[in-house]
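Once you scroll down, you'll see the structures, which are given as structure tokens.
The same chain A turns up in both complexes below, where it pairs with chain B and then with chain C.
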Partner chain A sequence: MSFTKSPQVFSSKVTEIEIGTGSEAVRLGGENTLPLYSFDADTKNPPLVGIDFSDKGPDTDIPGVAAFFAGADTLGAVAKRASEAEGASFVCFSLNSADPNGDDEAVDVSVAKCKEVADAVTKPLVIQGSGNAEKDAELLGAVAEALSGKNVLLMSAVEDNYKGIAVGAVLAYGQKIAAESAVDINLAKQLNVMIGQQGVSSDSYVMHVGNAAAGYGFEYVASAMERIRGAGLSQNDDMLQAPILTPLAADAWSVKESIAPEEDFPEWGPAEERGINMEVSTAMACLASGSNAVILKHPESVKTVAALVGELV
Partner chain B sequence: MSDKFVVIGERIHVISPEIKEALATRNAAPIIARGKAQLEAGADYLDVNIGPAERDGADIMRWIVPELQKALDGAPLVLDTVNRDALRAGLEVYDASKGRAIVNSADAGERLPNIDLAAEFGAIAIGLLIDKGVPRNNDERNEYLQVILEHSMEAGMDPSEDVWFDPLVLVVKGMQEKQEEFLEFLRILKEMGLKSTCGLSNASNGMPAHVRPVVDSVLCGMSIECGLTSAILNPLEKSLMDTIKTSEVILNRTLYADSYLDI
Partner chain C sequence: MKKLFDRVWDGTDQMVELAEKALAETIAELGESAPAVMPNTAYNLSCYMAWLGKEIATLGDLKAAFAEAKAMNVHEPRLGNVFEAGKATFLAAETIEACRYAKDPDPYKGEYHGHLTDAEVRALGVPLVTGDIPGFVVIVDPAPSDDAAVELVKGYQSRGIYVFLLGGIIDQLKSKNFAMGIGVRVVPVGPDPWQVCHVITVVHRAAMIFGAVKPGDVEAFDDYSFKRIFAFVNAFAPVRDIVVGCGAGAIAMGFPVITNDEKDMWPVPKSLLIQPDVDAFIDTSLEARDIKIKITNIDIPVAFSSAFEGEIVRKSDMQVDVDGSKFDTFELCRSRDVQDIEDHKIELIGPDFDKFDAGSAIGMGIIVEVGGKDMQTDFEPVFERNFHYFINCIEGAMHTGQRDVLRVRLNKDAYAAGFRAKHFGEVLYAKVKSEYEAIVDKCQVTIITDPDTLAKERAEAKKIYDKRDERLGSLTDESVDIFYNCILCQSFSPSHVCIVTPERLGLCGAVSWLDAKATHQLDPNGPCQVVTKERVIDEKVGLWEDVNENVSKYSHGNLERVSLYSIMVDPMTSCGCFECICGIEPLTQGVVIVNREHGGMTPIGMSFPDMASMTGGGVQTPGFMGHGKQFISSLKFMKTEGGPARIVWMPKDLKELVGAKLNASAKALYGIDDFTDMIADETVTEDPEELLAYITEKGHPVLTMDALV
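The block that comes next holds the complex of A and B.
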């Protein structure tokens, strides 16, 4: 008997959103299949890989990263180099210096950095704030204004600051935002509902539903992502149809497997290779669970994941 | 995973003097206003009950169906009359781009041919489980069910999709002992993989106004658990809509969020 393929397509689909402008603008979402199931139907917009760098400069503790950015001695030059990384569809600039529990850099200084980065790249830009809800409400609003017209994506709106960011970034300046919740499907939905109630349209936000490095509670992340995709597609829950964007460099490069020196664990091999493996494994697990884009740090990971996606979709 | 519960708004009904007058004078505005309010309150379909309209039913349907759909972004409609010519006239002008028309209704008696009418237009038929009188028990409901099932299959319909069976809600005040059987029949329909609907507010007929929403809501919640997939009701009654949303959360068909009642 011959095998008859029955494609599993849904009548609902993931919302499509665009970031960036011009010919290098990218689109996330749009699929009506399970993640990476390109054999069921056209994926529409294959998952994307972004490359992350901090406003404190590239992470020179990792030799491959240091080598990649060698010679780039201004923020603009670093940004340009990052945007040239093979496989990177967008650039993610993280304002780590703005953290009030760290350098607490003034908002206008952070904004000036964002402008320098934005002027140096043509690829779409994601800006990560300080991670402090109160500071980010002010910071991301100011960045949204300064980068008006660039259609950037600002991370993240959380339960404690979504109102200010929704109004200040999306409604006032037409930027995109990420709604961030911590691996909790009910909170993810609730935040989307509340952001929607501010007047933000569904094509203006993505979800960042939390992350963990593979092997470090990742099963919670995977099940949250799968449940969200399931609700969006099979239950047509329009409060859970936003694309998922997952920054994972910080998680992947902070676990023992990535950072323990080779001298301590000679049987594990070179630390950098392990870090790349951890970053790639985590990224692929996120994409298989429902992420529409991942943000990575090591150029080698970016290249590898983009190539894997290219083969799969 | 079950499909979403379908709410059919009941407020465009000739029994309302306002609607009766609007239909008679071909004044669409108040009818459209009621339709809009119901859609905003969460109705998926609008029931359009023009009564028997023996004299000009076809004209009314030919007029009101496009008026409503044009004004309400193609909102899907339930065409509700015993006048078969009027049903046909409505189906002829119906725009199915936002959802198939529903014929309300066929039964196991004189209105059995409405099944064929629905089939002819690719519409859904409500199969009311009555013949001449109301069903005395579930044996009779089952008898009528078989008649409609057989007829719909002969008409080329898929009875699990194209016919929504209505086991007939009986008034609680006076027929209290019949309610459990009603719920039991919903379970039977569910087990057979059949869809169902009912006119929910029949249950609380004759009760004081403050009691009615409670009775309707509780019956609605219990019915959904038993397998009811749709109901004709007043979507402006918040307690009913809250009951439906909560039932879908409890049955894990909708993901909970603190604001789920506002969605």
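The block that comes next holds the complex of A and C.
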């Protein structure tokens, strides 16, 4: 008996959103199949890989990262170098210095940094805030204003600050935002509903539904993403059809497997290699579970994941 | 008396005439091709843009468009015409100001603010749209006194309301050296009524920037300003016709006008309110525009945090001991008409804590009265139950009990810090207003320590408690039109959905139908959603098509059918936080119920954890079901299988807890007295054979019922 292919295609699809401007603008989402099921139907926009760097400069503790950014001694130069990483479709700039529990850098200083970065790259830009809800409401609004016209994506609007960010970044300045919730389909949906109620259209936000490093409770992440995609595609729940964007460098590079020195665990092999493996494994798990884009730190991981996606989709 | 319509038309005529004159003069001076633009805006002359869809660049454009504006001023006594005339007044006002800016791009030289730039509109618009600024007021003309002007503006500032000023009130504030400017959110817009256009343009630009409303889409602009912009006008007597004309425009946009002018003024409900008492302007205005002020701080001398929730006040450390076992005590939440409540009034009837000796026992009553258009009597007990939690969060205070048997203690440190009776009122006021913001518009608190008043009010409160119990008793699944679901537990039990009905509370025991109703009202996107029950499949089993659809939707397709009254046919699933589990005991064809606290074995050879592993996680296991303790005595408990007469075994503690109500249900259902005596417990046996012997001896009704399996 011959094999008859029966493609599993849904009548609903993931919402398509665009970040960036000009020829290097990218689009996320748009597929009507399960993640990476390019054999069922055209994926439309293959999953994307972004490269992350902090406003404190590249992570020089990791030799490969340090080597990649060697010689880039201004933020603009670092940004430009990052945008040239093989496989990176977009650049993610993280405002770690803005954290009120850390350096608590003034908003105008952070904004000036964002401008320097934005001026240095032509690829689409994602800006991650301080991670503090209250500070981000102010910070991301100011960044949205300063980068008006650049169509950047700002992370993240959370339950405690979504109103100001939705209105201040999307409605006032036409930027894109990520709606961040903690590994729970209902919380994700609720936040999307509330952001929608502010008047934000569905092509203006993505979801960041939480993350964990592979092996560190990742099954919750996989389950949440799978259920969100399922609800969006098979049940046509239009409040769960936004593309998923997952920044995972911080998780992947903070677990023991990635950072324990080789002297302590000689049988595990070189630390950097392990970190890359952890980052790549986590990234692929996210993409297989439903992420439309991942944000990574190590240029080698970026290259590897982009190559894998290229082979699969 | 001059009619209101005539006042509006006269006002509009005056403004149009002024505009006509200004336009003619300006064109004579600068020519028609001269630009007519406001500085720093992409939405030039937004009244023209919004209402007429006109993009105006030159004085010539303005002249042509002004003809259209004039055509809107039709003097026929229809409401629509009055609103159109009001808008024409604003268009004329904008024309006057456009001429002024055409001659000089900075006409006010810092004395007044005049036109707001797009950046200023965005900065104001974000908090306005998100609700962080609850609304804005436009105050026109001088207040009765300079002090009254300062009081009013300060009052608005303290409530976070943005203030725009027009006319003489600006001079009043200046004479009092009152700080004004964008930074302090009190903007002196201009000296004359026509500068009102600089405020109207804020609304139009907000609609276009934040609401993506298209120029010329008048309906969308009206809808946006009515639904999203919480603005209102305060106009002081004597109100001139030209201001009345502007007022008609404001009302057309959905902004009520509040005035102290009683001469030739006609009140219009929700739109034009006459409030002779200027001190009451703020309350009247906020109520007219449905503005709720967020409470962010609690005015008490000690800390308030959930960290103090479990704090215990020992006898030796006690300053005040409210003791319900010796004195009259009670706490009561009741709803009243909004008009009858004075917001934030805290009253103490009787002596304060400093009149009692340290450590002495006293009586105390607390009455919290709330009002709001969405308030329902059903929410009273839901709010009241949380007083316990609110009071416990006070540093140095402890609260136990409910209704009219309370124990409230305050320690010596809190007393020394200045904590007195009224501070309980402050806490309850602030918490009730902030936690139930969506429902409660006004709240006042009365604290009673006077023994006579206490006795009288406690008796009153008792009547209310009785009424509530009656209501709860009459609340059946048949008597309501809707159920609620609850998906609070889905974070760890993704496919479970609770259906909460009056006779079947959530299996955790914490969510009753009334709780779910209140939760839904407070947070319409939250964990409790309405479940309709219109299409019955089988009322005895508790099957509805709508309920099934809801369960399927909210379990994301994991469950297709759920019955509400059966443990054999599609029983309701459990998350894992059930208070009790019941399961079939095959030998007697009855069920055993075991509660979470019970550590021992049951006659079916399984302990609570064993049974829990089969019941939780959102799976249906016919023959096993998780449920709340209070469900045991419900007339709907296993109704399909014959009801509570199936219960053959329960732990002794549980029997004691639910016994009285269960006996009452058994009496009502089967005419059996003291039914719980027929139910075995761990002191009788944990063995099935002995269990059968025991219930046979007792003549348990299950023996005559059909087999379950």
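Just so it is clear, the second predicted complex is superposed on the first by the 313 of 313 C-alpha atoms of A that agree within 3 Å, B and C clash if a C-alpha of one lies under 4 Å from a C-alpha of the other, contacts with A are read in each partner's own complex, and residues count from 1 in each chain.
One rule holds in what follows: a residue touches a chain if its C-beta (ideal position, glycine included) is under 8 Å from a C-beta of that chain, and two chains touch if they have at least 3 such contacts.
This structure is a prediction, so every number in the text was calculated from the model and none was measured.
Asker: Would you mind checking whether chain B and chain C clash or fit side by side on chain A after the superposition?
Answerer: Superposition result for chain B and chain C: clash.
Asker: Quick one: is A:141 in contact with chain B, with chain C, with both, or with neither? Answer first, second, both or neither.
Answerer: second
Asker: Identify the partner contact of A:190: answer first if only chain B is touched, second if only chain C is, both if each is, neither if none is.
Answerer: The answer is both, since A:190 touches chain B and chain C.
Asker: After the superposition on A, what does A:74 contact: first (chain B), second (chain C), both or neither?
Answerer: neither
Asker: Touch test for A:199: chain B only (first), chain C only (second), both, or neither?
Answerer: Second partner only.
Asker: Could you look at A:171 and tell me whether it touches chain B, chain C, both or neither (first, second, both, neither)?
Answerer: In the superposition, A:171 touches chain C alone.
Asker: May I ask you to decide whether A:163 touches chain B, chain C, both, or neither, giving the answer as first, second, both or neither?
Answerer: A:163 sits against chain C, while chain B stays out of touch.
Asker: Is A:234 in contact with chain B, with chain C, with both, or with neither (first, second, both, neither)?
Answerer: It touches chain B and chain C both.
Asker: Which partner reaches more residues of chain A, chain B or chain C?
Answerer: C
Asker: Once the two complexes are overlaid on A, one stretch of chain C runs into chain B. Is it 545-553, 563-571 or 599-607?
Answerer: In the superposed model, chain C runs into chain B at 545-553.
Asker: On chain A, what residues does chain B touch that chain C touches as well?
Answerer: Chain A residues touching both partners: 185-187, 190, 193-194, 197, 227, 231, 234-235.
Asker: In their complex, what parts of chain B are in touch with chain A?
Answerer: 1, 4, 253-260, 262-263
Asker: Using the touch definition up top, name the residues of chain A that touch chain C in the complex.
Answerer: Touch list, chain A to chain C: 141, 145, 163-164, 166-168, 171-173, 183-187, 190, 193-194, 197-199, 223, 227, 230-231, 234-235.
Asker: Could you please specify the touching residues of chain A with respect to chain B in the complex?
Answerer: 185-187, 189-190, 192-194, 197, 227, 231, 234-237, 239-240
Asker: For chain C, which residues count as touching chain A in their complex?
Answerer: Against chain A, the touching part of chain C is residues 122, 125-127, 129-132, 209-212, 487, 490-491, 494, 525-527, 553, 556-557.
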